[in-house]
Amino acid sequence: MIAARHDNNGWRKIKSALASVLSMCAAVLVIAPLGLVFFYLLQKGAGSVNWNFFTQLPKPVGEAGGGMANAIAGTGELLGIASLIGIPIGVLGGVYLAEYGTSTRNWWLRFVADILNGVPSITWGVVVYGMVVLTFKSFSAYAGGLALGFMMIPLIMRTTEEVLLLVPNGYREASLALGISRWKTIVHIVIKTASKGIITGILLALARIAGETAPLLFTAFGNRFWNRNLAEPIAALPLQIFSYAISPYEDWHRQAWAGALVLVVGIFVINVLVRFLTRGRTATVL
Amino acid sequence: MSNLTMSSPTPISKSSGITPTPPEDSNSQVAAPAFDVKNLSIWYGEKRAIKDISIQIPARTVSAIIGPSGCGKSTFLRCLNRMHELVPRTRIEGQILFNGENLYRPGSDPAMARRRIGMVFQKSNPFPTMSIEENVLVGLRLNGVRDRHVLNERLEKSLRMAALWDEVKDDLKKPGMSISGGQQQRLCIARAVAVEPEVLLMDEPCSALDPIATARVEELIRELRTRYTIVIVTHNMQQASRVSDRTAFFYVGELIEFGETAQIFSSPRERKTEDYITGRFG
Amino acid sequence: MPPPSRFADKAFEWVTLAMALVVVLLVILVGWQLARGSSAAIQKFGFHFLATSTWDPVAEQFGALPFIYGTIVSSLIALIIAVPLSIATAVYLTELAPLWIRQPLTSLIEMLAAIPSVILGLWGIFVMIPWLRDYPFPLLKRYLGWTGLFTGPIYGVCMFAGGIIIAIMILPIITSVSREILRSVPDLQREAAYALGATRWEVTRIAVLSYAKRGLFGAMILGLGRALGETMAVTMVIGNTPQIAASLFAPGYTLASVIANEFTEATTDLYLEALFEIGLVLFAITILANLIGQLLLRTLKTSGARRAA
């Protein structure tokens, strides 16, 4: 009987070890795509990332070379327009959730914001097409920026709320006890204290929408040339990658890989920057 | 404002230490108290935290509030500058007159009351994004004072008043969080006096400090008494007896006794007070 | 000192409230725009739109069934692949992995989440599809062909490839939500099981997983919500053919893909309306999935808070 119990214990330990190994394999499989994607981006894209890529317009089919300067600038402009919409609404809405309101009302607002986060990105394209493109009868940078801005709102709202709630109440009380009004307390004390976290949230939101393609397909639309007027179609890096990827030309495929490499490096740089910014904070908060 | 010029008689009795209290208690001594609280009750939702308290707090004295934890002493203190309004679902009944004016006059701005009635908290809380100088001046700046001369003059005056000037005068641009815990608490006192309030409410200001820092803050409180009405909540009875002229004993939301500190600690009139100060409960 | 402006205080509160209410406004805006844009199509086709499988823009016959089928099947494939992997990874991250490895691994998973869909699609077309076509697919056909799921010509682009790429897209979200849920399991639960002499895995199975079941289900539903609306990567590998085929090696089409591909080509009003209606259907099912997922996670959180209080 003792032997049997021994066996049983042994089996239980083996099972436990097995579970550890299997779950580790799962973890490896989950991050494998990351390594594979990165490897191929470097292998197929690095060769085409050169000075011309950043400074020249795309070349017509058949002509080698050319770049994506207009698409890189376009992505920058679109992110700028999106920020003008997404940052003020997101940050101020987050302020309301953290500083005002009743718990029931804020529960609902939070819930709706989270639902909104789950709306497929292509939907924003369709909606903004109906709102802006049909109304003004033209694809435009404004429309693309608006679609991206809509996507930023719930993202920034929730992260802003979270970091504001991390600000200890003592600071609010200390400020109010000096006879400082509530809104000045929030703007000059609470938001200032949490500014690093808010900026982090904004950067992450920008990184997230910088690679969005679906909302731009029929809003910004894409443009083979420089955009001279924000009311006209504009190029964007993800759009350009998409149209080159599904094209039948070898040259364009190479350009697509180069564009993808540049886009991913840009997004990762923001992510690493954010990790660096928040390293101290998360350590003390958690 | 008028009663600020009036001299308060209480410090005299303090200096003699064991002068017996007149039988009529606090009321007879001070013609115009800083706070005149009448039948105050405070509710948190369904729970009544303060039960029908009436008390007159004299001007330019140190009044200590003692009592076991959960007796409502902090709640009461926070009513005196309307800080409790920040907690949702609280309401008050009764009346608080501050210098003869209704503190809770409908339509009046709590921010105005708080400028005249400053507060120092249990945990020192200098604003982490600001320097020592900015911390002291933030109340003035955000309340619209721009004049550089006024600000400079007030900076030094406030830090001197908080007995901190000599220690930090060369480090004014350093972060407010960079100094020691005791210095931070005195910085908070400087920040509070910079807006020139008439009253300082102190909510266990030394509970997070070591004995040496505590002694400095207590010394400061005694010095400030000549200029301010001070109400201090403390769970430390020795501290109350060291710094205060008058002491109030709170027990489960009720005011049991209020009188000269010496009398409260030597010959309390109420049985509950005696039990508490002799350590039989609490 | 000038008296504070009470008007400014009120105004600030109202402004922030208005900004917070924008999220509600946006949900209404999306629903209204999609309904408005498809009203004629809804009137013309009625419920047949959801139940017919002809998609012929030239004859102006529009039925969404192949897209609904493609969306559901590709999402199911994605869930079947992603859910076990994600939950196992979350368990590894919170319960079994050595401490030093947890943070770097979490960061890597967050980086996977940061890869844009279009780039995964690019990789899918040029790396994953050729590999699948040459190695695993023939094996699947040979050994599992009898099931009927893996038969027919192997093009590479197909429903199965679409499911795999969606799985990669939703791995990070299911993993990170599951990880949060496992972390919220009180340590008391684990300690109680350890005290009974349970092994690490037994503690995980008995104390942690059974406790977190509901939340993990919520994580799965949230992943489903993402899967249903995934657009670019799946558009690039699924084959974009509106058909309902038993074999997973046959090309398919999803709701999101057909919008992405055909929206700018919609030459007639009715065609565009039909695509708006596809958008409406997509919006409705993703909202539903998110609603259920969020509610599952939320009840968990509030009951947890009540326990703590």
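Letters are used for the chains, namely A, B and C, taken in the order the chains are written, and counting of residues starts over at 1 for each.
Just so we're on the same page, a residue touches a chain if its C-beta (ideal position, glycine included) is under 8 Å from a C-beta of that chain, and two chains touch if they have at least 3 such contacts.
In this text, all values refer to a predicted model and were calculated from it rather than measured experimentally.
Asker: Please find which chain has its CA centre nearest to the centre of all protein CA atoms in view.
Answerer: Answer for the innermost chain: A.
Asker: If I average the CA coordinates per chain, which chain comes out farthest from chain B?
Answerer: For chain B, the chain whose C-alpha mean is farthest off is C.
Asker: Write down the chain pair with more C-beta contact pairs when A-C is set against B-C.
Answerer: A-C
Asker: From the C-alpha centre of chain A to that of chain B, how far is it in Å?
Answerer: It comes to 49 Å between the two C-alpha centres.
Asker: Quick check: how many Å separate the C-alpha centres of chain A and chain C?
Answerer: Their C-alpha centroids are separated by 17 Å.
Asker: Quick one: report the Å distance separating chain B from chain C, using the average Cα coordinate of each chain.
Answerer: Spacing between the chain centres: roughly 57 Å.
Asker: Could you list the positions in chain A whose residues touch two or more of the other chains?
Answerer: Only 179-182, 184 qualify.
Asker: Which positions in chain C are in touch with at least two other chains?
Answerer: 1, 4, 6, in rising order.
Asker: Give me the residues of chain B that touch two or more other chains.
Answerer: Touching at least two other chains: 111-112, 115, 143, 195.
Asker: Which chain C residues qualify as touching chain B in the complex?
Answerer: These residues of chain C touch chain B: 1-4, 6.
Asker: Any idea which chain B residues touch chain C in the complex?
Answerer: 109, 111-112, 115, 140, 143-145, 195
Asker: Enumerate the contact residues on chain A facing chain B in the complex.
Answerer: 102, 168, 170-182, 184, 188-189, 192-193, 195
Asker: Would you mind writing out the residues of chain B in touch with chain A in their complex?
Answerer: Going through chain B, the ones touching chain A are 81, 83, 86, 88, 110-116, 118-119, 121, 123, 125, 127-129, 138-139, 142-143, 188, 191-192, 195.
Asker: With touch defined as at the start, can you tell me which chain A residues reach chain C in the complex?
Answerer: Of all residues in chain A, those touching chain C are 12-13, 15-16, 18-20, 22-24, 26-27, 29-31, 33-34, 36-37, 40-41, 44, 88-90, 92-97, 99-101, 109, 111-116, 118-127, 129-131, 150, 153-154, 157, 179-184, 186-187, 207-208, 210-214, 217-218, 221, 238, 241-242, 245-246, 253, 256-257, 260, 263-264, 267-268, 271, 275.
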